[in-house]
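Letters A, B, C and D name the chains as they come in the text, with residue numbers starting at 1 for each one.
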Amino acid sequence: MKGSAIPPYNSNHNLDIARIMHRAQLSVNMPYNYTRTIRLADTDAAGIVFFANYLALCHEAYEAALAAAGIPLQDFIVTGDVLVPISRSTAEYKRPLHCGDLVSIKVSPTKISENSFAIDFEINRITPPVKIAAIIRTEHVSTSRSKRERVPLSPKLAAWVSAG
Amino acid sequence: MKGSAIPPYNSNHNLDIARIMHRAQLSVNMPYNYTRTIRLADTDAAGIVFFANYLALCHEAYEAALAAAGIPLQDFIVTGDVLVPISRSTAEYKRPLHCGDLVSIKVSPTKISENSFAIDFEINRITPPVKIAAIIRTEHVSTSRSKRERVPLSPKLAAWVSAG
Amino acid sequence: MKGSAIPPYNSNHNLDIARIMHRAQLSVNMPYNYTRTIRLADTDAAGIVFFANYLALCHEAYEAALAAAGIPLQDFIVTGDVLVPISRSTAEYKRPLHCGDLVSIKVSPTKISENSFAIDFEINRITPPVKIAAIIRTEHVSTSRSKRERVPLSPKLAAWVSAG
Amino acid sequence: MKGSAIPPYNSNHNLDIARIMHRAQLSVNMPYNYTRTIRLADTDAAGIVFFANYLALCHEAYEAALAAAGIPLQDFIVTGDVLVPISRSTAEYKRPLHCGDLVSIKVSPTKISENSFAIDFEINRITPPVKIAAIIRTEHVSTSRSKRERVPLSPKLAAWVSAG
């Protein structure tokens, strides 16, 4: 076996890597999953995550999903004429989350119109026992700063929404 | 000057105070109004208040309304067995808010059941021109920590909800 | 003056108002005092205000002091070429603060150089018993966005610092 | 194959794994590095991370470092009699951070006394070009809730501080 870096029979190992990469690939295209540990700053004196911070967690997941798709949020904010502000949110808080809990947030966009889309978020606590913690939905409207009116989603963003 | 509660030669001044106090009194009982200046920490890099912070603003207004009614929120959190967590929120974001804007938040509670109530919040920017900035609704469920089940609202809280 | 609820010489009352207004006037010029109730969102699962939020509280007080002096912070941020970022902060956390506590924050600016100044903040809990809660100092440097270098404080800001 | 620590027939692969594990091991014991993407909620209307949020970022890194060492922060907060509040912080803000920036935070604890320790944090922006963004130091005091006095660090925490 001289000179061989990786022996031929080492198949399981390579297969595992292939599986992991395949799964990682899927997680970019299909409902994106964002994983995050709850930190002290997320919580309040009731000992649990402050209700408004569930929405902030979802926005983090949205930013991560966009970045994974090559559409960094900061492009909307700093340079562009087109903003995509949130026009509406709904949240069902199902279970409290505590400092140290690991959560997974599933990000599923859907088209509403040429100018707007919704995102359905499902926050699951994956620190055992696994439990759904919240169901959140946000609606986003593509808006031109200069024209002060609704404009169609950019092709990239429209593609991300369709792939969701 | 018989029967006159307020003397003629100082009438405007005292009348104004009476009106202000009367209005202040009403504002405790009737839809409570909370006034607040938007601060830098409320905003994000898009230059406006971060969407989740609209909900935090409403919670501040709720805490102020409870305190004005003699029901400090910290009583629920620290000492009591009964918590009143938020089970649901909806928000319509109608206009952006900027650092330095003065906002008024109207707090209107409504009974849902023996164990639960909703609060309707209306955030108005009162820095001219006055404009509605958001409509938010939260639902709250009275829950016993020890029994792990829904329990009726405390008499004080029920009274506050009814007065809303 | 029979039946008169408020006597004609209403001196004490008016004097009180004069005193309050005088004091309010002074509070704009002299060490400015900002008053604020601690809210649930300021706290964390340890039941007290999260350490980083003491600095956010001080920034609120700084914004209020500037606004009272006719120098709204948003002028720096949105329109101007000159920013005044914080280059340094130190904080001594002396006592915990809880949800519902009323605090007063004294804001005392001092000149460091033509281009920079410091602000000393003293946070006192004024919910009895009155206790000092924190001593915080921030340093601010006047910077030109276009020149990417330090520039002298604007005359208005320099005047506010000198009056501190 | 005398003297060979790692067998010939899979040498590179195993060596890589050994190196990675060794490095991972070190990263737990030696200055811990926490990596994080800056999110919209970290920023303010000046377009950059709000100064107080640099301290919140460091606390996240501290929590991650403790968790990696098997000392979850929530143990202090919820169940224990011993709290380790922050008594002092200093921060030098060297460069602005923007939404989307990747940062690495180095966490280096040092013993001050039997009852207290400091942590030196170095925040580096690792989105090229790599630049130091802030130098922050916090001081922590081990305190008994029931005795209301300073107490020695727990053996686990003392070991983590010594390993720093």
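Criterion: contacts are C-beta pairs under 8 Å (C-beta built on N, C-alpha and C of every residue); 3 or more make two chains touch, one makes a residue touch a chain.
Keep in mind that what you see is a predicted model, and the values were worked out from it rather than measured.
A.B. asks: Using the touch rule from the top, work out which pair, A-B or B-D, shares more C-beta pairs.
C.D. replies: Spelling it out, more C-beta pairs touch across A-B than across the other pair.
A.B. asks: For subunit D, which other chain has the most distant CA centre?
C.D. replies: Using the mean of the C-alpha atoms as each chain's centre, the farthest one from subunit D is B.
A.B. asks: Taking each chain's centre as the mean of its CA atoms, how far is subunit A from subunit B in angstrom?
C.D. replies: Centre separation, subunit A to subunit B: 32 Å.
A.B. asks: Can you work out the whole-Å distance between the CA centroids of subunit B and subunit D?
C.D. replies: So the centre of subunit B lies 39 Å away from the centre of subunit D.
A.B. asks: Can you list the subunit A residues in contact with two or more other chains?
C.D. replies: 40-41, 45-47, 50, 52, 56, 59, 74, 77-78, 98-99
A.B. asks: Which of the residues in subunit B end up touching subunit C in this complex?
C.D. replies: Those in contact with subunit C are residues 1-7, 9-10, 14, 37, 39-41, 47, 56, 59-60, 63-64, 67, 72-74, 77-78, 98-100.
A.B. asks: Inside the complex, what are the residues of subunit B that reach subunit D?
C.D. replies: On the subunit B side, the touching residues are 40-41, 43-48, 50, 52, 98-99.
A.B. asks: Sort out for me which residues of subunit B touch subunit A in the complex.
C.D. replies: 45-46, 50-53, 55-56, 59, 74, 76-78, 83, 85-93, 96, 138
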